[in-house]
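First the structure, then my questions, so here it is.
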Amino acid sequence: MRMALLGATGYGGIETLRILQGRTDVEQLIVGSDRYAAQAIEQVLPQFRGSSIGQVQFTKMATLDDFPMVDVALLAMPHGEAPKYVDRLLDRGIRVIDFSGDYRLPYDTYELWYQAPERAHYVPGVYGLPELYRDHIRNAELIANPGCYATAAELACIPLMEQQVIDPSRMIIDAKSGVSGAGRSPKLDSHFVEVDGSFRAYKVGQHQHTPEIERILQDAMVRGSTNLENALATHDHSSVRVLLTTQLLPIKRGIYLTAYAQLTGTMTTEEVTHMYKKRYETEPFIKVLQPGYMPEIRHVVGTNECHIGIHVDDRTQTVMIVATIDNLVKGAAGQALQNANLMLGIKETTGLEQTAWC
Amino acid sequence: MRMALLGATGYGGIETLRILQGRTDVEQLIVGSDRYAAQAIEQVLPQFRGSSIGQVQFTKMATLDDFPMVDVALLAMPHGEAPKYVDRLLDRGIRVIDFSGDYRLPYDTYELWYQAPERAHYVPGVYGLPELYRDHIRNAELIANPGCYATAAELACIPLMEQQVIDPSRMIIDAKSGVSGAGRSPKLDSHFVEVDGSFRAYKVGQHQHTPEIERILQDAMVRGSTNLENALATHDHSSVRVLLTTQLLPIKRGIYLTAYAQLTGTMTTEEVTHMYKKRYETEPFIKVLQPGYMPEIRHVVGTNECHIGIHVDDRTQTVMIVATIDNLVKGAAGQALQNANLMLGIKETTGLEQTAWC
Amino acid sequence: MRMALLGATGYGGIETLRILQGRTDVEQLIVGSDRYAAQAIEQVLPQFRGSSIGQVQFTKMATLDDFPMVDVALLAMPHGEAPKYVDRLLDRGIRVIDFSGDYRLPYDTYELWYQAPERAHYVPGVYGLPELYRDHIRNAELIANPGCYATAAELACIPLMEQQVIDPSRMIIDAKSGVSGAGRSPKLDSHFVEVDGSFRAYKVGQHQHTPEIERILQDAMVRGSTNLENALATHDHSSVRVLLTTQLLPIKRGIYLTAYAQLTGTMTTEEVTHMYKKRYETEPFIKVLQPGYMPEIRHVVGTNECHIGIHVDDRTQTVMIVATIDNLVKGAAGQALQNANLMLGIKETTGLEQTAWC
Amino acid sequence: MRMALLGATGYGGIETLRILQGRTDVEQLIVGSDRYAAQAIEQVLPQFRGSSIGQVQFTKMATLDDFPMVDVALLAMPHGEAPKYVDRLLDRGIRVIDFSGDYRLPYDTYELWYQAPERAHYVPGVYGLPELYRDHIRNAELIANPGCYATAAELACIPLMEQQVIDPSRMIIDAKSGVSGAGRSPKLDSHFVEVDGSFRAYKVGQHQHTPEIERILQDAMVRGSTNLENALATHDHSSVRVLLTTQLLPIKRGIYLTAYAQLTGTMTTEEVTHMYKKRYETEPFIKVLQPGYMPEIRHVVGTNECHIGIHVDDRTQTVMIVATIDNLVKGAAGQALQNANLMLGIKETTGLEQTAWC
């Protein structure tokens, strides 16, 4: 595997390097950074002291056209940066996986939720959620790697949508994330003293992952329909409506996401669990828990796994699905490398089999 | 004020002592503990080194009948312990505030949710939520101090119930609490290594505060009705249905509780905020935030306050109310002392005016 | 008491406001901030929502000469800022307590350790450590409030110096502080993700509190001498030598400082403890622990106390003194207000009697 | 590799399983636990859900003699348990690596520091610190795996001892550890609420790793001597004296240990660094930092590495060495597996090459 990583000193980029350090099949690794150009990675990121990755030098982004050829480039940069590089990479025949939201949404939705009126009319890339789009991913030139909250929300709800057992018009998603999800650039909001011992919501009703989740769940609902014509007719683009509450946990990493939805018929916890186990039985990273168990963030931290817990509350006819992921792994770097494996014909789980620490 | 505190070495009891240490009007303080009898408080709880409270000696509980007379006794003991003491105290003419769930529910509900078949048929005490029952509290002999989650849930929802603007049959309450809420006796579940860096739900759909919340919200709905006859007829005892999700935050103290309910008509965030501000305008400890703001746990830790944030999501017709309290203060010791102030004719806010630490 | 607080939105300033909120004798409070001028404190610092302090508006610093007259001004600003204001305040007859290092050291030492060659030749103020300079403080016009590490180090070592029982030329001070000690302006070093779950030293051998500690301990040694002439002759200015290691704890507040020194004679833990208890017996905020006990940060957080634990290791002839304080209270705001009480003839402990939270 | 792990549900055992899960060369794995006999590992430790290790069933310890044959047994049990099993294992020809302190010390020292008068007269095993005893380890039947604090202390000081550049009679070691070092059984001392936001020393002057450190450093001093006869004559068994301060950090894992010692001659930071780099240049897990840098716990968490930072303070003639390790990896499970690799002729770093998380 020959790979370029642009934007390596944010948390998504650092995590990519950590996972790559554990692999033996990386023949070529280009790591782009204007700020640290010509320094060795171990000088900037001491956790790589003495390791092979640590000896790699950062390369100036401006020299992008002079890179040795690579198979795939991962773009781990803030929203709005990727479009400066994507065309040049694709033109060189380099396939691209973008971590940002830039290629996940149609133009009008993007403009509305990302408050980015100046953006050009980009065509969305293939959405990089293997559990829903594995075959498209294998052949994609440009992958839009899913958002961290979106990954958890979609994995939590896809079986409900495909089987059409809930009212999709009023789903409530109460999500909690570790601080690394807010990025590495210093802000008062991520200052230790302001975060530790506390908990708070942010961007209430306005989080930019809302339309991403609605778009993919809508698609899952249509795809799941046995009568596709009918499904397309009944469910217009606006039939899935999600209230997404995003909240900051005083932990470094991990997402704990709870979806609440109203069942249209009567189902037990056991029946919903059976439905989920069947849907995900061949998925290497999805673990559906037995009735009576709920996941915990610590059991997925550092891994590419998603643990799913299910509870049906018959007093309120509500189904509650909990999904936990590591926002930097399955929610970013791990999923990107899972996609890279698929694109390059490598075994999908390669390099992604770490166990969580106690 | 002359006071007895039975069960002083759990977190609720310790917090009561902390608040009392700041008061100058405590003439008599009896602190009961069989385990530490005859030791000074400062020997057991080093934070009281050298303070006046620290010099008080623990008294054996068995000698309860020999206590000097006090005005009120606070019982900060585990569920099931209070009934061993309550009658003896009442017989001596000592008014009682019980921190546990023992006197909050009618017998049948208690038996069901507390899994306590052996319990005798206790009559519930006056429910110690001043914002709803202030006048009853003033004259009560026995107060059932509200549960910590229940306090936050009820303060979050009372105006919605009184004004009958939501569908009460399917309310979702997603609540998060610090670890002190789980008590001070060592368990693997509260071991630092098992809690830090993680987050998890527990007792899903089975938390014993569920019937307490439903009972009080039902009562608020009836009381709020302008046509009481009609209200009682329409809303039978089972009309309020809450799905309560309780979750453990890796912090020491604080509750962050989010209630989601479906509006029966159209209301804006501003209208709901106005309704809340009006309802709580004379309440000394309730702060209703302006539209666009949400509370944070750190701003109420160590205080008797409840901060309330409001958001109406018009895409899903959902009203979202966030309430934050300190589970040990407004959720336990502070509320108990607020009730004691009311019972003894002392200014309600006495001793309860600390500001949160940054 | 009439008071001005300049620089109110750093952690030292916020803590000053928190303590003041609990007092009833503040007749006049001016709170200076250029950035937030004309906003109410509660808009900027939500923990003051609805409180009396919260309603105070920030005043522009430029209007310093138009302030209503106050008795004392507290300057809680970064190093180097105070000199812009001190002369104007003193000229108006306002006494000053400065939180920074600007007035703690003679010019040459300051220049060397603060790397501030441009600084004018300020005369040091009276050093605001009541346990050593109480009488000077009462009459001072300008107080240099001690550094947080310095406060803990000096309280830990003063009795050793006064009694001259150790070799002063090679003292080792291993100190650990919470993150609020590093200030509130966002830096990668105080980012939650970089701090949580870790521990590290910084400014090894170069911390600017080193000369402050050496100067005060030198003075304590001279003052403690029964034969003052002799003491001055024997101990030149350079006889106290401290290796200060400063380290960052993943907590919000609190300092835990351990001093190791070689005993010149044989002493037991009991003897050293007796010496400390005698030295500090009339000090309201110093608690010397019994042999066999060691202090914990949590027992002093939020308080103006200093807890001191003592151990003599006879295998190495080393005496080990542990001191714990809250860096924002006894290490900053609390000590400043203790000094203000002394200056204004108010009871020294007024407003400073809070108990630590569990 | 065929391996047995007895005592798998403490933190040392769980960590051993985590590391083993990443290996592909484990042919046979016996996991002993009386409490969980016949349950699958994934039922007890949810982080192993769906993994190959997770499917292994716990085996009763009583059936020890019926185990399929293994090459090596790891004993990860509390102090005092190992002797119940060691002879039976050795008799079957199974080599043993014991995590506890039972085989690290001569009988008299053990009895004194472990307060274990009933202990039989065990002969110490080979001390499992590869950086000092690699050749002995390869052929050992019974390995005493070093204590966590001891590992860090010894790696920090071995070069100083071998080169005899310090006064060994008064070394100060100020060590800080995460809570997992205190074990997994619930105690008030490891309750989240008692640990979070605090810091404290424990077992001051009495920690049982003291004699272990002194014994090994004494041995390093003798071995390092160019004139061995002379060294043995000059340095009697009691010449190394360590004051060890052990302290609890509010983090899950990691040790940060600082050794202070007096230089007998004049050396610079650069010279000491050169000495360390030379001593450890072929060691795969020891990273000696450049002058001016100090290690951080987070850069070694989850890894088998030891990072060493060096500072010479010429004002006090003190050399200060900081060593960081993960107490569960290099301080327990990782070092045990490093020893197992050596004993079985496997490449020493196999399975131990993970990078720390950000």
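A, B, C and D label the chains in the order they appear, each numbered from 1.
Note that a residue touches a chain if its C-beta (ideal position, glycine included) is under 8 Å from a C-beta of that chain, and two chains touch if they have at least 3 such contacts.
What you see is a predicted model, and the numbers here were worked out from it, not measured in a lab.
When the C-beta contacts at C-D and at B-C are tallied, the pair with the greater total is C-D. Centre-to-centre, using mean CA coordinates, chain B is 47 Å away from chain D. Here the spacing of chain B and chain C, counted between their Cα centres, is 38 Å.
Across the assembly, chain A contributes 11, 180, 193, 196-197, 250-253, 295-296, 298, 301, 358 as residues in contact with two or more other chains.
Contact topology of the protein chains: fully connected, every pair of chains touching. Residues of chain C touching chain B in their complex: 11, 14-15, 17-18, 21-22, 45-51, 53, 180, 196-197, 252-253, 287, 289, 293, 295-296, 298-299, 301-302, 305, 307, 328, 353-358.
Contact residues of chain A toward chain B in the complex are 169-172, 174, 176, 193-194, 196-202, 204-205, 241-243, 245, 247, 249-252, 254, 256, 258, 260, 262, 294-298, 301, 309, 311, 313, 315-318, 320, 322, 358. Put simply, chain A touches chain C in their complex at residues 11, 178-180, 184, 186-188, 190-193, 195-197, 250-253.
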